[in-house]
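Next come two complexes, and both contain subunit A; in the first it sits with subunit B, in the second with subunit C.
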Partner chain A sequence: MQTRPLVRFRGVNKSFGALQANVDVSFDLRPGAILALLGENGAGKSTIMNVLAGLYVPDSGHIEVDGERLALGSPRASVAAGVGMVHQQFRLVESLSGFENISLALHGGRILQPRSADAKLKALMEELGFNIDLATPVHAMSLARRQQLEILRTIAAGARVLVLDEPTSVLSAVETHGLFAIMRRIVASGRSVILISHKLTEVLEVADEVVVMRSGRVVHKGPTAGADPDALSRHIVGDRSFVTDARPERAAGEIVLRVDKLDVADHRGATVVHGADFAVRGGEVVAILGVTGNGQTELMEAIGGLRRPVSGQVEAPRHNKRRAFAYIPAQHLGTALAPGLVLRENAILGHQRRLGGRGWLQRHVLNARAGHVKGRFGVRIDEHEPVRRLSGGNLQRVVLGRELLDDPSLIVADYPTRGLDVASAAQIRSALVAAASKGAGVLLSSEEISESLAIATRVLVMHGGEVVADLPAAEADRERIGRLMTRGREAQ
Partner chain B sequence: MSPDLLLAAAIVAGTPILFAALGELLAERAGVINLGLEGTMLVGAVSGFIVAAETGSVWMGVIGSALCGALFGLAFAFLTITLRMNQIVTGLGFTILGGGLSAYFGSGYVGQPLPVSMARPDLGALADVPFLGVALFRHDFLVYIVLALAIGISFYIYRTRQGLVLRALGNSPDVLDMLGMNVTALRYLYVGLGTALAGIGGAYLSLVTTPTWIENMTAGRGWIALALVIFASWRPLWLMFGACLFGLVEALRFRMQIGESASAIDPHFLSMLPYAATVLVLVLISGARARMNAPVALGTAYDRESR
Partner chain C sequence: MIAIPSFRLEPRLEAGRPGGQALQVLSGAVLAFVLGALFLIATGEDVLVAYGALLRGSFGSVNALSGTLNKAVPIGLCALGIAFAYRARLWNIGAEGQLYMGAFGAAGVGLHLPAETSAIVALPLALAAGMLAGAVWALVAALLKAYRGVNEILTTLMLNYIAILWVGYLVNGPWSDPLVFSFPYSAAIIPGAQVGKLFFGVHAGLVVLCLMAVLLIVIDRSSRIGYELRLAGDAPRAALYGGINQRKLVLIGLGGAGLLAGLAGAIEISGATLRLQSGLSPGYGFMAILVAWIAQGRPLAILLASVLYAALINGGFALQVSGIPPAIGTILQAVLLLSVFAATTFGAYRLRRVPTGRVAT
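So, the complex of A and B:
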């Protein structure tokens, strides 16, 4: 069946400084289709969609919607043409209620502000299967709810092309399936969805067509029906190999981290970690597994020194009372990295005293260090741009590159592969395994069982703030760990 | 001194502060912090006085002060919104600039009396109500205008469509931009409106309170208004009470220096009271709750391509 495409991208180019984010990007979107835009972090997927949404002005090329040329660089024109985008970082006003956020997009001509949803909006919520309490302020909503709210707002505002930027990265498995059902209902009414993703499995599950991007270029287009997953992964990563090293074989060495009866409270003051008590030895890779919100993040923050424990002790390598081990927090910008500083400056954060031994920082030392950090995991950035311009995956690479630089004896990493594509995740796992084989102790938290089992020598399972199991990885099986993660001690 | 007269004096003393504070509230709700408020009031004071003296009409003076205040504010808006200069530094610069400009243009008018005065509405029987008549119902038009404005702005912010947009503007300009609204134009609008109000606040001093032009006659009221906006957690109705409170401190200071109630306290100490009260208020309310209400994007220029 040959229908006219709803959206056509024609030779779009966009660069940021010296970085070419999009090179000659051309593809079509059919009405009623779910199209997956697949690629690694930093492949240019979000950039081309921001061009479609009118947020970025391309250097050249054009976009047609319904055969009409879209006025580029104007969000208003894009909205009017029926393009709606749900960004990875939600564009919601947190201090306003759900309804007020939707109303911002709808009631342009009104003078008085309506106070609650009208019948049309309620009918749309019904059609899409949403059950959102619109009177709640956004800051009190869960991430999944906020995402539904954005989708609802976008469609209520008349979007026929819904762009979802990495929508599943904030969702649990159950919520992800809920979202896929929503996407199918959306396209059933003749609208189209563009799904930006780097997860091959979910793309094959929900999308009709796939466009693969790599280094700013479109490298593959085709239907997902009958697509070969291995061929697609090759398109995504190119000719690089991405095999994770196996777990270290070395016998465990000295204790490098001792956590002693640790109780930790969250930001509201509720105790969320109860009596954590374990040790990590050199040469070990210890994985903490747990469903999000079971105290792992708070435990890692207490070990890293971001959070003062309620009681108990953490013994870890220190130098002049300062942290002398690698710590990769869950949140990068503002915690591990200074968003407004360039890479070279971020590369020495935490080491500035030692490197500035003579009282000042030497340019060649800084440049050498920045080169190592950049080269270690292959960060693509214009040297003079502040790091806040980097994509999530690149931020992760910068933090890891810096923290692993001086061969630390202990590495504490809070879900270091979160949101990363297959190749980058493998690269980072390999780096952690390599560090452990050289004698470092590694403690990482993760939600992915198979990833953890592949590299860990020992697995700690957290549930309800307690470490409910401490198993050698060789004896642990997925099913048992899954039960422990979801049901805690009663699963034993 | 009788309490009804004292309350009346407090309201009059609070009026210029309330004008300026309402103006600042609009700008800050839009995400622009204008530390040049003191300078804007001075520009309003001198232009209001000059226009009133030359045309012989106080109302022309009020309009002139609003226009000159807005013009001064739009220059500030151009630097901070279009050129994205640092709002704090630019604001401080505009305080100094306003002081200098007003002294320059007002040099020929210093100390001259104003031949005309602001009219007072005749509220009939209300003005004769015991206590309240003197305290509330014998003021000039601008007092009632500013009170109506405070209530009107409160209604605007919380009940109208454009008010909702204003609340979003200071918190998440990126959301409005994505929805196709013009963040830059909206910010220009609110800074312009806000500085027009601050200009009228200054003109109230040179047309009603004193009525004459003296260099630096605002004497820190712009800064008090700035503190008041924080004190009120960006809520217009609270501004009304805050302005009365500061007016009361100022009225007390004045009354304690003259007549039979003159006290033995050093007048310089008394003159310090409004400023000491400002510091005290800021310390008392700088808790978590006040910060919670602050517009998130306050003080940051909006740049679409920066994340």
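So, the complex of A and C:
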């Protein structure tokens, strides 16, 4: 028997100026199913979900929920129809407790607010397997807990269609499995989940059906059972081939970065990096691997100059006491790029005192640099537009293009492929390998072991704020590194 | 079945063109005059008499026009300074006090140089002393902000009162003019320290104002410091990433603002009042905050807005002369400001027809 779809997308078109973000998008979502929406950055996944959530008005087409036409362009109507979206950036009030955040959504306008969870909410948590202490303020919760809270809030507010936008990008492997367990119980209760992702292995593990989008169109739909991963990747990236250059073959040169007994504290003042001590030579690609939250980001920030170390020293190329090497921080917008400044201005960020001109910025220098930054990785944007409107992949390309411009002798990159699709990530890895082949030292942090092993000449494993292993790539196999990442020194 | 078209406001994605913004301000002004007219009718005043007086008092005669332009100079200079500091999201609420300190600096030079000092020496010296005094006054707040993290909104605001009272003390005490009994005036400054008139009573401060506006445009477009200020204002963490010394930026941003406000004070002394007096400014430094906001920090728009604001003040005097209560002039000013703010705020949105509106039977 064919059950009636919970949601049907029917010929949805949406364009932004000349860009066709969605072209004739049609697919169905069954009740009680996890549907994975796969595609590269900019394939149109978020656009179609924003149409569903009522945030965008499509140019044509419509959406049915339970056979009823959804009033488009109205977030209120979408919520009333049972659509709930959990965005990548959580929308929680950090100073309030978990329950207060849920209460805001449920009893927003009431003058007398209930103080603790009622039986209904407790039953819901029980049924779906949530394990959150609702009395804890959000700022004291881990990212995984916050995500659970956000999902619980959305469901408690009546969502039957739960849209999760790249939910695993902030989670460790263990947390990801916890999330998947919750997702399975959510669909067992008759609700449906749309999972936006570009991690194929996860999708095959948890989803029942898959819809692949490319350049705004649906290019494949079908069940995950028996799906061929290689075929799916071809659907995702199309017929382009992308090959990461192999690791650089080159004898290590001069030391370009020396980290000397470095202790670094996080924003609360707790020391999260203990006695980091290593060096990077020209021609090397050194990968720092570790589970998120083991001090990698703080270490990279201390090297890049965003964070003052508690003790110890960093010796790296400097020019008038300022950083004179490439640094790609974990966050592009707001740190590596000023969102409100135009591309030309962002193209000189950090270099503004090395361009000559005695306090004046020369127009021809700015134009030339902007041209190079755009051209290096093929970013299309008007040089006079603020960069905030670029997609995540393009922002990362702008940062990389700028930082690699003057052939730096040292490149420090904090998880430069985070959140990027397969092709963009390969492009960025290739650029790093190419720089190392020309003699630059590369220090790179990442959570993806295979990606890093493909290009690294040396691997540092971080666990609990310490560098617990320093291995030549030849001796580093996935399993050993996995053990070191999760168990630290005791794994040796 | 009838399809009811529905509309909704959407934020504009593209930055507005200057022409579009002028149109927004203009529509705000038209709205203000309509609302103002309704208000005048409701209070039983004659709309035509009131608006006629407003126009006559601001642009209606050579005297009115020159008075308007002269008043625009201190407002415009202070507003340029406020806009400069705001490039780095620094709030200078202290332009009024910096103006008073600038007046104090210029008057100090103009009162104490030998009377026969030539203008080539005395005038630059007086203006420089004014700029220096204004900048130093702003730097008090800037240093507290840069090294102790004290909120500059509060410090610049409080420093106003100290500066105003300091000038009051001088003109009642050590610098009071023995010849004008009981008036809180100093003696006149020496002729060499006076800027002199351009034409029809307009003093040369107008030229200074225009030059400073052009200077701010140049700083914005092609100076490194202008770039760093805007960068720090847009994304403080990106400024840290870019190796920018944030303390230095605070000192430069607020110091520059104080310098311009000090220049405004010096020009008031050397072009308008020709002596130090209490009540030197009717609040130019505060009006300048509004002017800088209405003009959204753009130098040329600040020129225009400061002239219009000065016209409102001048026109307000004419209202009183026509027998309309002065409070009404103030209310009309407020209506105009709110309308222009509203128009520019809504100008950031566009009205869009939703294609598939709800279907009614």
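We take it that the second predicted complex is superposed on the first by the 447 of 492 C-alpha atoms of A that agree within 3 Å, B and C clash if a C-alpha of one lies under 4 Å from a C-alpha of the other, contacts with A are read in each partner's own complex, and residues count from 1 in each chain.
What we mean here is this: a contact is a pair of C-beta atoms (placed from the backbone, for glycine too) under 8 Å apart; a residue touches a chain by one contact, two chains touch by 3 or more.
The structure displayed is predicted, hence computed values, not measured ones.
**Q** Determine, under the contact definition given at the top, whether A:E345 touches first (subunit B), second (subunit C), both, or neither.
**A** second
**Q** Just to be sure I read the superposition right, which of the two partners does A:L112 touch: subunit B = first, subunit C = second, or both, or neither?
**A** first
**Q** For A:R389, is the partner it touches subunit B (first), subunit C (second), both, or none of the two (neither)?
**A** both
**Q** Should A:D470 be classified as contacting the first partner (subunit B), the second (subunit C), both, or neither?
**A** So A:D470 meets neither subunit B nor subunit C here.
**Q** Please work out whether A:S103 is in contact with subunit B alone, subunit C alone, both, or neither, and reply first, second, both or neither.
**A** A:S103 contacts subunit B only, not subunit C.
**Q** By the touch definition at the top of the document, which applies to A:E315: first (subunit B), second (subunit C), both, or neither?
**A** In the superposition, A:E315 touches no partner, neither subunit B nor subunit C.
**Q** With the two complexes superposed on chain A, say which partner A:D277 touches: subunit B (first), subunit C (second), both, or neither.
**A** neither
**Q** Show me the subunit A residues, by the header's touch rule, that subunit B contacts in one structure and subunit C contacts in the other.
**A** Residues 389 of subunit A touch both subunit B and subunit C.
**Q** Spell out the residues on subunit C that touch subunit A in their complex, using ranges where they run on.
**A** Touching subunit A from subunit C are residues 8, 13, 15, 222-225, 227-228, 230-231, 234-235, 237-243, 352, 354-356, 358.
**Q** Of all residues in subunit A, which touch subunit C in the complex?
**A** It is residues 57, 59-60, 62, 71-73, 304-306, 322-323, 327, 329, 334-341, 345, 348-350, 352-353, 357, 359-363, 386, 389 of subunit A that touch subunit C.
**Q** Name, in rising order, each residue of subunit B that touches subunit A in their complex.
**A** Per the touch definition, subunit B meets subunit A at residues 159-165, 167-168, 171-172, 174-181, 296, 304-307.
**Q** Give the list of subunit A residues in touch with subunit B in this complex.
**A** 53, 55-56, 74-80, 85, 87, 89, 91-96, 100-101, 103-105, 107-108, 110-113, 157, 388-389
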